[in-house]
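What follows is chain A paired twice: with chain B in the first complex and chain C in the second.
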Partner chain A sequence: MRASLRTRLQTRLRTKTAILIAVLAGLHFVLLFAGFFAPYDPTTQNRELPFAPPTRLHFADDSGFHWRPFVYAWTSAPASDQGDSYKEDRGREYPVHFFVNGPSYKVLGVYEATLHLFGVAEPGELLLFGADGYGRDEFSRVLFGGQISVAAGITATFITLLAGSILGIIAGYYGRWIDESLMGVTELFLSLPWLYFLLGVRAFLPLHLSTMRTFFLLTGVIGLIGWARPARMVRGMVLSSRNRNYVLAARGFGGSDFYLLWRHVLPDVFGLLLTQAALLIPRYIAAEVTLSFFGLGVSEPVPSWGNMLSTLQQYSVLVSYGWLLAPAGAVVVTSVLYSSLSDVIHSRLESH
Partner chain B sequence: MKLIARLTLQVCLLTAACFAAAAAPEAAKPGEELARMADISGHYGGHLTIGQRSEPKTLNPVTVTDAVSREVIGRLMGDLIEINRSTQQTEPALAKSWKTSPDGRTFTLQLRKGIRFSDGYPFDADDVLFSFNVYMDEAVDSPQRDLLIIDGKPMQVTKLDQYTVRFVLPRPYAAAERLFDGLAMLPKHLLEKQYREGHFAQAWSLNVPPAEISGLGPFRLKQYVPGQRIVVERNPYYWKVDRENQRLPYLDELVFLFVGTEDAQVMRFEAGETDIISRLSSENYNLLSREKSRAGSQLADMGPSLEYNFLLFNLNDLSGKKLDEVAAKQAWFRDLKFRQAVSAAVDRESIVRLVYGSRGAALWGNVGPGNKLWINQTIPHPPRSVETARQLLKSAGYSWNASGQLLDAAGHPVEFSVITSSSNSQRMKMATLLQDDLSHLGMQVHVVPLEFRATIDRVFQSFDYDAAIMGLGGGDADPNPEMNVWAFGGTSHLWHLGETQPATDWERELDQLMQQQMVTLDYAKRKQLYDRAQQLIAANLPFIFLGTPNILAGADARVGNFQPAVLDPYTLWNADELYVRGPAQENAGVR
Partner chain C sequence: MSYIARRLVRAILLLLGVSALCFLFTEMAPGSFFDEMRLNPQISPETIAALHSRYGLDQPLPVRYGRWMKSALHADLGYSIAYNAPVAELLWSRAKNTLLLTTTGLLLTWMISVPLGVWAANRRGGLLDKTVTLASSFLVSVPELVIAVALLAVAVRWRILRVGGMMSADFESLSTPAKLQDVLLHLALPATILVLCETAVIVRHVRASVLEVLGAPYVQAARGFGISEARLLFRHVLPVAANPAISLLGFSLAGLLSGSLMVEVVCGWPGLGPLILEATLSRDLYLVIGGIMFSALFMVGGNLVADVVLLAVDPRIRREGADAR
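Up next, the complex of A and B:
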């Protein structure tokens, strides 16, 4: 009876994990091939359409229902007393087509391509999430911005866990003064006010850094300052597994340090690292968003979720153009998915 | 025990101060020469609240440098001659009349008789002499000192009798009477001791007790609460009366609330916590006009301001500074064709539309359409043309590589950064548009937002920048305040600061024109000179002019006589005439 309950719980957990991983994989796939899924280039300005609201998808017109959705173009009436106001120009319909040719982009940063999942004929515009203050397509920017933000989260997590586990293992396994000094350093790192520190550091860097250099600097910095917490956890795990009987036995048989670590200690730490990764990725995405929000991340016109949100620092934009909150929605969805994943990984490790 | 007693006393006094009614206006005394505002009427009573972006730094009118402090000080102090912000012409103020000698060097001012400072002490020629002594004293280091020292010689001020003062300038100076606006007359009886002891700069800090500060403005200091507000109350001795010979100002009090940011100003106004708001961005202006709760408030679009925003290339002399990278790029920036190409590629219409929400004007020169008296209408307004820009670059020896990147004659790609203050969202937006515009020429432009002070430091001190987006002007319509920008060696001669002699012929001519217009008294002749100066500037593009925002302001429906202007201070210049309509009249009490 008990066994069957446990099996059922485990099956459920397994399905949940599978679903979460599939959704997350889907999300990353879309971001990875943003050029294909985004109908427009994220930096192209359409100066006729500043702050255009999201385009509405229509299925029915005077002649009845259509299976193929279509859109109307926005016409703007500038300088009315209340700012730009947009109306649908009902004169012409622009059906949505799939697998169309459009602006060129690079797949994985290498291959040039022009194929897009969907689009409408010019001069129609398909602005799923509306447009920003320069008339740039917010949907395309969310996808391309996600590339930077999520890649920053993952890379920084990798750096953190690599540094954290190496230092944690060294401290835990060798103990004594190495342990004490390393743990002293972790305390220092845990207590520094990082945001202010980074704001200060930026002032000393050269005026202009290319997008790539900013990105690596950003991920490097986020990754390196976060190593303290995982290092302490790993150290704890290593400390406890170091004195397990099978480790002691292996040592008695003449196993080298490297053998012991690789064969017996690391497998114990691995689960912890996985849970930590799922926890840290959304946290580091948020870190990138925070830094870019304050102007320390990649700069215009390249989008990232953080620098897109920074326009919302203006009160008038925040209360007038709700669709510009789309990147915030993307951050929330990604974070929820990752923390649920971290939960299920944790539960599965517990149940083993 | 003593301490508690003292604290209790202080609390009582403070509370009493908060609830005490403002002093009633004094009845006019015989022989008091008051200024009558023939077309002004209103009601006594009530107070208005204004949100300020930051806390003022000082109440000292001689050493003040920031706009926020000036907004408060301007209400407390009076000038000899004023510029009417609405007509942009000079008007008699503390001087009831003045005469100019035919050579334009001597000004004889008749002061109003019998008028008093806000503490009731009489005002006469001795106060004028004292004030000018202080302004011209090198040790006090007043920012206005430069205006009063002409050709290195100070203006001579002599007292002819108790109410007559003569000013002799070292040489003719056009529109010299405009200089008097903004020079507050100081109470000798309160400040002389501090001045003699050599610590005038420390006088009248924000903590000054209200009894120790007085002026000739419509209001006087009542209370300062650090971090929160400054309250000023009616000056009962003010020297202006309205149509019915009632002494101004109408308001009992003006309250300046320190709210922090432009957004906070808007939110406070939206919530009805403040009554007057100025320097609105078009987005916020549109927001307020959409806002239902603010229905009926008076929103005003006064048309283009006198400010000009521009792209500035670093043409400074960098020898001796370790800035080789910048110096290498200066070869491009010094090339007139390069600057012309940049100017031709800038989409000014988009700047007006996207940056100013169509509430602004494009600029091709330093004088915009807001300055009707001085604008040179013949300056061409070429439309944006990427083609022209490319032709210009080609003729200057530039070429493009296979990927469309612009290369200079030596084959180096044209790449530079533009710095701008991150707190100014309008200039940030201009930079992003500019970046896109110039990418059509194959130029790689990087936008670098910097903290305001860092931007100023790089442009004025270290010269460590390629290009910058800045804004200047806005003070007065007259060309004279522009001297420090266009005359060589000026403190805002931004493209080439600290020049020892004009680097080019057109700079030499521009300098001569500016010097000449300053000593020419005839408007038509002066206009001719300044027209030529504008022409030189537009043709040689030391700045690439971009645009100017409209002056947008708003006031609660209750505010009477609200009359914003395009000159600073936009909304409070006639604070003495503002009044509260409606229910406040009933609350005003018996007067």
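Up next, the complex of A and C:
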């Protein structure tokens, strides 16, 4: 009876993990091929459409219902008052087409391409999430911004886990003074409020750099600040697995330190690292978003979820142009997906 | 007593370590505050060199660190280059506001999350428990910045609370009670954001540690004796469950300070946050170091308070202290 309940729970967990991983994979796929899924270039400005609201998709006009949705172009009415300064120009319909040619972009940063998933004919604009202050398409910017923010989260997590597990393994395996001094340093890193620390370290680094260098600097700083907690966890794992009988036996048979670590200790640590990764990625995405929001991260015109949100620091923008909260929505979706994944992995490891 | 002494030594070591780390970073950093000045043709290289030596930047690292340490012991944290004023004064004038915000946030957080956590644990699987668990796990996974911006949008949109700064423009002309009310109305939004973010974290821990205790045999025995539910929970269960929760206080303090920095910037609360951010952007060396030291001091102080509280409520630690002697 109990056994069947347990297997049922495990099956449910497995399905849940599969669904979450599939959804996350889909999300990353869309972000990775943002150029294809986004109808516009994220940096192209349209000075005629600053703060244009999201384009409405229509299915019906005077001649009846159409299966293919169409849109009307925005015309800026003379600004009477804020909010309602755009009107739909009902004179001409722009049907939405799929697999159209549009602005050129690079696939994975290498291949030139012009194919887009959807779009409308030229003078028409399809702004799914509206436009920002420079008339740039918010939807395209959310996709391209996600590339930077999510990649920053993943890279920083990788750095943290690499540094954390190397130092944790060293501390746990060699013990004694190495262990004590390393754990002293982790205490130092853990005792500082991370945002103060992050700002502090950022203060000593150059402010204006190319996007690439800023990106690596940022991920490096975020990643290196967080190494202490995983290092402590890994150390605990290593300490407990070091004295397991099979490890002692392998040592008795003459296994070298490296062999023992690689063959016997590391597999134990792996599950822990996986949970930590799912936990850390959203946190580091948030760190990147916060820093870019403050103007310390990737800078304009390259979009990231953080610097897109920073226009909302003006109250007038925050109040009038609600669609500019779209990157916040993207951050929430990504974070919730990742943390559910970490919960699921955690309970799966526990149930074993 | 020796327990407290050990904690104190650890705290001092931590502060030393943090300051050493800060100076190490400054040494590794390429460039400085004067980089922008160098681009200006009207400022001669000699002037910049003179400024360099005036702020002691031409000295080697150990000398600078030694000097800084010596003056820091007299509560002098050096001179801000951008403000041209003593760092300690600048920080202190802002730190008061950060303290107001964080202590309000801290008190409210614990006042809300302890009863809520205990209650949710006691009615495990009930409607309230499910709501609390779901809401907290959602709030934990959403970045604090997003929560802050969203709440700010709500507050600005519907003009619920006063936003921006700490006082209204006509603050000076108000009577004392009106002044107090004005500050409180300004405090409400940043405090709410902070409390929302922190409560989500802490309520889960309180719930978990109470749940663990509720399974103990003595609780069942007490139930069998017919003790009232409230007395059982708050007199017999909570003190036992308090230990992990109070140890958490120390860790939560770090989160609180980081959260407060972000909230201050978003809401325009004139605390340490905007000051440190500005110092970071202008690379105002000693101000940044001072700010980090201040935050470390808060942390260490808060941890010490947590330790003392722990000593007061947990007899096991008192005994451990006695054994050590």
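Definition applied: the second predicted complex is superposed on the first by the 332 of 352 C-alpha atoms of A that agree within 3 Å, B and C clash if a C-alpha of one lies under 4 Å from a C-alpha of the other, contacts with A are read in each partner's own complex, and residues count from 1 in each chain.
One rule holds in what follows: contacts are C-beta pairs under 8 Å (C-beta built on N, C-alpha and C of every residue); 3 or more make two chains touch, one makes a residue touch a chain.
What you see is a predicted model; the values in this text were computed from it and never measured.
Engineer: For A:R47, select first, second, both or neither according to whether it touches chain B, chain C, the two together, or no partner.
Structural biologist: first
Engineer: Should A:S63 be classified as contacting the first partner (chain B), the second (chain C), both, or neither?
Structural biologist: Once the two structures are laid over each other on A, A:S63 reaches no partner at all.
Engineer: Does chain B (first) or chain C (second) touch A:P301, or do both, or does neither?
Structural biologist: first
Engineer: Just chain B (first), just chain C (second), both, or neither: which does A:S4 touch?
Structural biologist: So A:S4 meets neither chain B nor chain C here.
Engineer: Looking at A:G133 after the superposition, I want to know if it touches chain B, chain C, both of them or none. Which is it: first, second, both, neither?
Structural biologist: A:G133 contacts chain B only, not chain C.
Engineer: Using the touch definition from the top, say if A:N245 reaches chain B (first), chain C (second), both or neither.
Structural biologist: A:N245 contacts neither chain B nor chain C.
Engineer: Given the touch rule stated above, what does A:Y315 touch, chain B (first), chain C (second), both, or neither?
Structural biologist: A:Y315 contacts both chain B and chain C.
Engineer: Comparing chain B against chain C, which has contacts with more of the residues in chain A?
Structural biologist: Residues of chain A touched, chain B against chain C: more for C.
Engineer: Which residues would you name on chain A as touching chain B in one complex and chain C in the other?
Structural biologist: 203, 207, 295, 315, 319
Engineer: Okay, in this complex, where on chain C does chain A touch?
Structural biologist: Those residues of chain C that touch chain A are 13-14, 17-18, 21-22, 25-26, 28-31, 137-138, 140-146, 149-150, 152-153, 156-157, 163-164, 251, 253-259, 261-262, 265-266, 276-277, 279-281, 283-285, 288-289, 291-292, 295-296, 299-300, 303.
Engineer: Which of the residues in chain A come into contact with chain C in the complex?
Structural biologist: 184-185, 187-188, 190-197, 199-207, 282, 285-286, 289-290, 293-296, 306, 309, 312-313, 315, 318-319, 322, 325, 328, 331-332, 335-336, 338-340, 343
Engineer: Inside the complex, what are the residues of chain B that reach chain A?
Structural biologist: That would be residues 263, 266-267, 281-284, 286-287, 289-290, 347, 350, 353-354, 357-359, 417, 419, 422, 425, 429, 431-433, 435-436, 446-451, 454, 464-465 of chain B.
Engineer: Help me check something: in the complex, which residues belonging to chain A touch chain B?
Structural biologist: 43, 45, 47, 50, 78-79, 81-84, 133-135, 203, 207-208, 295, 299-301, 314-317, 319-320
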